[in-house]
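Quick heads-up: structures coming right below.
Each of the next two complexes has chain A plus one more chain, namely chain B in the first and chain C in the second.
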Partner chain A sequence: MSGELYEVISAVGETIIGNRQMLTDLDAAIGDGDHGINMARGFEAVKAKLQTLETESDIGKVLKTVGMTLISSVGGAAGPLYGTAFLRAAVPSQGKTELDVETIGLMLEAAIAGIKERGKATTGEKTMLDALVPAYEAFQDGAKTGKSVIECLELACEAAQQGVEFTKTIIATKGRASYLGERSRGHQDPGATSSYIMLKALLEHLRRQ
Partner chain B sequence: MVGVVIVSHSQKVAEGIREMALQMSAPEQKIIAAGGMADGGIGTDAFQVSEAIISANTGDGVAVMVDLGSAVLSTETAFEFLDEELRAKVQIADAPILEGAISAVVEASLGSALAAVIATAEGARTLNKC
Partner chain C sequence: MKKVINVPEQVVEEMLQGMVLAHSQYVKRVDGFEVLVRAKKPGAGKVALVSGGGSGHEPSHAGFVGRGMLDGAVAGAVFTSPTPDQVYEAVKAVDNGKGVLLIIKNYSGDVMNFEMAIEMANADGITVDKVIVNDDVAVENSTWTIGRRGIAGTVLVHKIAGAKAEAGAELEEVKRIADKVIHNVRSMGMALDSCTVPAAGKPSFVLEENEIEIGMGIHGEPGTHREVLRTADEITDHLVDKILADMPLAVGQEVAVLINGLGATPLMELYIVNRKVAALLKEKGLHIAKTYVGNYMTSLEMAGFSISILKLDSELKELLLAPADTPALVQF
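Coming up: the complex of A and B.
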């Protein structure tokens, strides 16, 4: 695996691991309080698995491995959801060793379609989709006006952050938080938050390059 | 005979339900517990579930009993890892996990087909206790 690819995935993983407590606290308020623990467990497993992929340069293959690892190690709903997202993103990036704006757009689109399908969910239900869908739309707006990968990701991150804020204003109708109904309002969604911080970690890593 | 898989976030719950269901089953009835994570933690693991489904299948298909939330997502993900022939013969029962598992095992042990096993398991939703 190329050094760059390894570093990008490590940066995203380290951000999740570093935010274990914050994500768990958010989840404890409206769910079963394990989102941070589960996501950190998943990315610890990814970190261990990356060591075995040192010679792999195909981005699709690496993302497929990340997806499979998350599915088998996260434990909560985020496992199959993010796992499926990475597996789907692995399709347009298969055989590629570098990514351009167009391919990243296709990867985001495929990942979101996978999450919608797996979770039988859509936007406005206080889920990760409330961060990811606006992020994707903003990314594509940037792509249409010929912006660079970093510029498109900046727009995507901004939209994802606004999406996280939006989840505070609505009630949950999916997942464990839906048991709380009206009481889930006022809290930001942990899944939307983890989606946003992963995008942000990706952007910050690329900015440092 | 239709196999039964029990998917819980807790290994103890899955194994406990299996033990209870075994009391009601025919000797050759397959009941496989798929609970918890490989490290012993609370959670569900789609790969463990797909392996359990393969082990539970003797050719007549498999009814899967689930607890909450991600048990359903992990089971649906597990279905994608199965070959098409088996995928056409597995189904999640929309039923309480314990009562559903026992009902499913009783029906399966009679030699009923998958649709009947699922229907009986789902009937456990309206089981009156008092």
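Coming up: the complex of A and C.
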């Protein structure tokens, strides 16, 4: 695996691991308080798995491995959802060793479609989709006006952050938080938050390059 | 956090090791997986039953692996659904060629992971079907849910569907019976105090000295509302009311009752609750054919309890009263 690809995924993973407590606290307020713990366990497993892929340069293959590893290590709802997202993102990136704006757009689109299908969810239900869908739309807006990968990701991150803020204003209708009904209002969604911090970690890593 | 553990990361593994050592006549480990199956696999011709979910609900579900109940149980991390590969291994280990029924508690994570496992097993040509238990009436008035939660009533599904499978019924029949139990069972719980997930290290929620949570879930997820502590009789009255409002029962109806401790509730208190439940049901002209009191579906060290009421007919009653021989439920 190319050094850069390894670093990008590591950077995303380290961010999740570093935010373990924050994500867990958000989940404790409206869910069952394990989102950070589960996601951190998943990315620790990904870190170990990446060591075995040192010579792999195909981005699609690496993302597929990340997806399979998350599915078999995270559990809960986040495991199948993020796992499916990475598996789907692996399709448009198959055979690629570098990513352009168009491919990233396709990857985000495929990942979101996978999450919607697996979770039978859509936007406005206080889930990770409330961060990811606006992020994808902002990314595509940037792509249409010929912006660079970093510029598009900046727009995406900004939209994802607003999406996280938006989840504070709505009631959960999917996942364990949905059992709270009205009491879930006022809390930000842990899944939307983890999606946002992953995008942000990706952006920050690329900026440093 | 004060717990009798070694390291949080090892609680499930070490628990499973201890369970197998304690109950080797009932269960064995599927090597390399968080899966326990019957020590002696039943002969061909029996539909296999698998349940599972996050750990922390012991004796659910591995405690119910044995004759007359489950064939296999999958243990996820604490309060976290097991992953699809684990469930898939359980299915492969118990399949007898007659099909496998998965008993899933209604949580989106559990449903997704178990469904992915079904896809994997189907690809191998193993026939797998599922039922989803949603007995908790606490959230009945919410239009914002993906359905009700699955709680202690699940154990009655294990018992009755297990008896049907043991009698040699086909997968379709076992599923029909399981669905009938799900249709006829209602539960509701309350908590006096929180619990601490070992890896989290602090309580999932905090209740004031004199405060209780009504409609509490079994993962420390908040319930419907909080109120000031009342007497056992008053709390029981409220919970039974909510259950019967959801499932009106005719005078003379036979029922089964499960008074379930959440982990830190003394049996003394569970019996006090049971006394009141029996009185309330008698008042309404209902007949209790079978009562279970104890810790069946716990929530780590949470203090509190749940009440489950199962509406019986002759078929369900016969299967409920059939023998079972498992680590956590022995019945002759």
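We take it that the second predicted complex is superposed on the first by the 209 of 209 C-alpha atoms of A that agree within 3 Å, B and C clash if a C-alpha of one lies under 4 Å from a C-alpha of the other, contacts with A are read in each partner's own complex, and residues count from 1 in each chain.
Note that in this section a contact is a pair of C-beta atoms (placed from the backbone, for glycine too) under 8 Å apart; a residue touches a chain by one contact, two chains touch by 3 or more.
Since the model is a prediction, treat every value here as computed from it, not as a measurement.
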{"item": "Simultaneous placement of chain C and chain B on chain A, clash or fit", "value": "clash"}
{"item": "Touched chain A residues, chain B compared with chain C", "value": "C"}
{"item": "First, second, both or neither for A:77, with chain B first and chain C second", "value": "both"}
{"item": "Touched partner set for A:105, first chain B, second chain C, both or neither", "value": "neither"}
{"item": "First, second, both or neither for A:134, with chain B first and chain C second", "value": "neither"}
{"item": "Touched partner set for A:118, first chain B, second chain C, both or neither", "value": "both"}
{"item": "Contacts of A:142 with chain B and chain C, given as first, second, both or neither", "value": "neither"}
{"item": "Which superposed partner A:41 touches (first chain B, second chain C, both, neither)", "value": "both"}
{"item": "Chain A positions touched by chain B in one structure and by chain C in the second", "value": "34, 38, 41, 71-81, 118-119, 175-176"}
{"item": "Chain C contact footprint on chain A (complex, rising order)", "value": "24, 28, 30-34, 37-38, 41, 71-81, 118-119, 171-183"}
{"item": "Chain B partner contacts - residues on chain A that touch it in the complex", "value": "34, 38, 41, 71-81, 83-84, 118-119, 175-176"}
{"item": "Contact set on chain C toward chain A in their complex", "value": "54, 76-85, 107-109, 112-113, 116, 138-139, 142, 144-146, 149, 197, 199-200, 204-205, 217, 219-222"}
{"item": "Contact footprint of chain A on chain B as seen in their complex", "value": "9, 37-39, 41-48, 68-70, 73-74, 76-77"}
